[in-house]
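The structures considered in this document are given below.
Presented sequentially are two complexes of chain A, the first with chain B as partner and the second with chain C.
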Partner chain A sequence: MTRELNWPVIRLLMIKDWQLFQKQLAAHLLGGIVALAFLGMAKPWAFYIGSLLLIILLVAVACFAVSTSLLVERKEQTLAFVMSLPVSPLDFTVAKLAGNLLTFLVPFLVMALFTAIIIFSTPLPDGLVVLAALVFGHVLVAYCISLAVAMQVESEGWNLFAMIGSMVLINPFLMLIGQMDSVQSVLRGNAVIWPAPALAILGAQALIGLACLAFALWSNGRKPAFY
Partner chain B sequence: MTAAFVLQGVSKHYPQFSLSDFSLTLPEGQIMGLVGVNGAGKSTLLRLLTGLAAPSSGDIEVLGHRLPEAQVAAKRKIGFAAEDMRLYRGQTLAWHIELVRRIYPEWDSAYAASLLRRFDLRADQSVGGFSHGQRVKALLLLCLARRPQLLLLDEPTTGLDPVARAEVLESLAEVLRDEHRSVLFSSHNTHDVEQLSDSISFMHQGRLLASADKERFLDEWRRVLCVGDVPDALDAWPELVQRRAAGSQIELKFRRWQDDLPERLAQVGLSVQRIDPMTLEDIFVTTVRAGGRQ
Partner chain C sequence: MSHLDPGAAPAAPSDARIPAFDHLRALAMLAGVLFHAALAYSPMMHGFWPTAYRAQSPWIDAIVWCLHLVRMPLFFVVAGYFTAWLIVRRGWGGLLRQRLRRILVPMLVAWPLVHLATSASTEWALDHVVHPSPFLSMVKAWLAMPDPPGMPPSTGHLWFLYYLLLFTALAWVVHALDWARGFARTVRITPTRLALILPVLVAPGFFLTTAPHPAPESLFPQFWALALYGPFFALGALLLDRVDLLLSLRRWLWPGLLACVLAYVGFLVQLDQREVADWARTAPWSTALLQALVAAWGTLAALIAGLRWFNRPRAWMTYLARSSYWTYLLHLPVLFALQYVLLDHALSWPLALLLSCGLTLAICLLSYELLVRRTRLRDWVG
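Now for the complex of A and B:
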């Protein structure tokens, strides 16, 4: 069985997913600007509203990226149309993973970049960038888990559980960070210091995220056929 | 004879359904109608032929490509449209055409434009605003304009109103005249199949009951009305598929009709009142009830 990837079609399917996500992407970026504007005001109340809005937007981007590309396609029966095109299950898996990562990572990285810029260019303590990295890292992991589950499981219930479950874990995660004195001590400072626990968490987030994506690729790509 | 596809001893097992020991060949340039009730296994068969599903056992070769291993190469030459296949609601037909055009180098833009006119579709309209009939036509356009060597249509006329159904069938009849294009289309509507097909296959409960040229099917079957006492020996006649009382008369349905059958019936004491050819629907129902007994 050939394992050569059909890159021209994979690229077209990625572009297709990007085009389907464009309107939502614009709305998310608009919301991101509003959230960052609040953060940039560097007032305690504005920081609270801005950070909350930013987290909501990140969660929304992650959920909508997975939902639009996989769950909605399945529900609206457009997947059969895509699978009838000259693609193998491996091509399809690569296209779905890459297309989904593209639609998620573009707004995610834009928001991450501008969050860092806001932190460094306003009176907010520069140490907050550590907290921002941990929060963005958590959303990235939750997204990878949701994507892997959506690639693997057709049940809408399990997919919603994976999405909501992984995303709401941000609350206990923030509480956990709040208990870490070594992390808390650097957040209010004007120097960017990366304490060992924060680096360990970021490393674990990267590993979990990559493991989820690798599993989704391996599990779906080795199938000889779609059904 | 070059075959568009060959299935040999193909089985596909699902927890609730099995396609069993299925062997079927479609010669190049032929239009085959696949008739079966809902749940007969028609969609499973079409999924196997597109490489979307892998067989549990047996061999599948489509346009010279072994499936599902060479499904990418095979799907470049296959046009597949299914009743449950949907397009992207928020996008226009032009967007879909552009997507498919970029994937298939054989895309015929002039032909696509003529199909747009024939199907009375607007390329700039969002697919979400299409009626079911328009959606079917849009799918057919996306399949046909890529000039496939094999066209696989799963229930293309299901759910269409009579006018849309007639339009789709007329359009299909026109575009299927290409002698080199092979077509397999499934339906539970025998009238549609009779209208378009060169050959017909009956499926039931995952098995192939019968497969033959349309004319042979229609020539071989007869419905006979007669009066008299039915002798027990009649049930042993291999040609007799079904007998039942029809008022004061007896209705007999025969396969492999021979011209000497009325005489043989008279010899066993049955007086033939009437002999009628059977419709494809009647032949199908009788075959299913007889369990495909040859």
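Now for the complex of A and C:
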């Protein structure tokens, strides 16, 4: 197995993943515009619907990105075709990881940016940006776990379990934050203060996410052959 | 809409650029300068407009709201037409590059500059104007408070650039989800259907907001603005290879205009009968429908008239078309500065309007000549 990465083919594989994801991305973009329009109505019920829709979209982007590029591809046996290309398992792993991160991170970062704009440009307390960062951090970790599991495990059942399980954990996570007085006091204020527990959680989220991705890369990249 | 779907069967050749659309876009943008200048002399806007002048005339209200109902719909039709034209000529990648260079970057650069310039002239007016407008007096009172309320960030008069980007994104959604093909299969557009359906399509947009409709300056997309201007943008995309729709409607130009005038008179009567408390409420259905008729048929009439009388390339029209983008970006801070100065001069409203509008146009065109026309800026805002 060669350790030289075949970047032209990796690029092509990433473009292929991006193109296959276009329909979902279009639907998410439409949903995002609708969610923002709800938030722009500046009414409590519209704010509730808009923010709920944004969270649903965030989860949907994470699930669809993994599902389209890995699970569906496996089902349709595209790997057999990929094996006919001049790619090593490491090339394939890098392409999958980078392509997946691209398809997920573009809508994810756009939504994060607009959430920050919403918080800073409306009468909402600016401290809410701490909660938003923690929620976005959780979805990012859940996505990294799902991606790592999808690259590691072929069973559809386990993949669905990883996706649903990690995303559903957002509920106890929100409850946990709700019980932290130091975080709660910040959320109601107009100053953006990052309390130590919030920073610790964000740090843990970053570490877990990176560890998942690194493990997926290491585990798949060291394979001498696809099977 | 078929040009949002490059896979669809090719229709009439759409490579040729129709000069009338360039000229109509210029007229729509220059009408914006006149509209903003005239609001200073509108009795209806006297309490809200920063440069509201002591001399006013109900004639201004009788004219400007009609202009308001037609100019931006017309602009978005033309924008939809050129979006589809660019997709055909350069593809989605080319369109994206054009939108970045011609819309996103100018918007991001102009936005803070316009905001700073307008704020500076308003601050000058607060300090120096002896006969302030009611709005200036209100701002003065606000600023005297111990903790004055801040204004939410907004796109200001550059909101149309923001919506152009939104509609481009939505056009890509339509393309990616293959909706244009489905739409073309299920709906057969005829000239009569177009004339009848368009007011019905845009009426919900008017119904969801106040009358007369404000500028959607919020940083968040507004449902009413999407519902109002979206159908016009889609109509523009449709017209790329269906200009025949407009040509078939030519015989309806004068009867259509008459219907527009009648609907507009009805709209003015309804505005006149409203109580002050109704100003902040969304428009009733009857008012929304009257506005939709004026906007839809007035825009169709403007398109038909444009194809009839403005379709021949003329040097001065081409010049106006090329300078109109820069003029529109620049006009509001210049206009406000001039009108703040005029607040302390007792002039008749026609003279004040002529002066402020004429000087604004002169300054914008001169700056276009000096800063844009022969420089690299031409590629971005020329």
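Assume the second predicted complex is superposed on the first by the 222 of 227 C-alpha atoms of A that agree within 3 Å, B and C clash if a C-alpha of one lies under 4 Å from a C-alpha of the other, contacts with A are read in each partner's own complex, and residues count from 1 in each chain.
By definition in this document, a contact is a pair of C-beta atoms (placed from the backbone, for glycine too) under 8 Å apart; a residue touches a chain by one contact, two chains touch by 3 or more.
Keep in mind that this is a model prediction, so the values were computed, not measured.
Taken together through their common chain A, the two structures put chain B and chain C side by side without a clash.
Look at A:Pro224: by the touch rule set out above, it reaches chain B but stays clear of chain C. Once the two structures are overlaid, the count of chain A residues touched is higher for B than for its counterpart among chain B and chain C.
In the superposed model, A:Thr78 makes contact with chain B only, not with chain C.
With both structures placed on the common chain, the touch criterion links A:Met180 to neither chain B nor chain C.
Legend: residue contacts after superposition of the two complexes on their common chain; A:Ile208 is shown touching neither chain B nor chain C.
Touch criterion met: A:Ala26 reaches chain C, while chain B stays clear of it.
In the superposed pair of complexes, A:Ser88 makes contact with chain B only, with no contact to chain C.
In the superposed model, A:Leu12 makes contact with chain B only, not with chain C. For the combined model, the angle formed at the CA centre of chain A by lines to the CA centres of chain B and chain C equals 110 degrees after rounding to the nearest 10. The least CA distance from chain B to chain C in the superposed model is 8 Å. The contact sets of chain A with chain B and with chain C never meet. By the touch criterion stated above, chain C contacts chain A in their complex at residues 152-153, 166, 169-170, 172-173, 175-177, 218-223, 226.
The touching residues of chain A, when paired with chain C in their complex, are 22-23, 25-27, 29-30, 33, 36-37, 39-41, 117-118, 121-122. Residue ranges of chain A in contact with chain B, taken from their complex: 1-2, 6, 8-9, 12, 16, 19-20, 76-78, 80-81, 83-88, 91, 224-227.
Those residues of chain B that touch chain A in the complex are listed here as 47, 50-54, 68-73, 75-76, 78, 80-82, 84-91, 95, 99-100, 102-104, 139.
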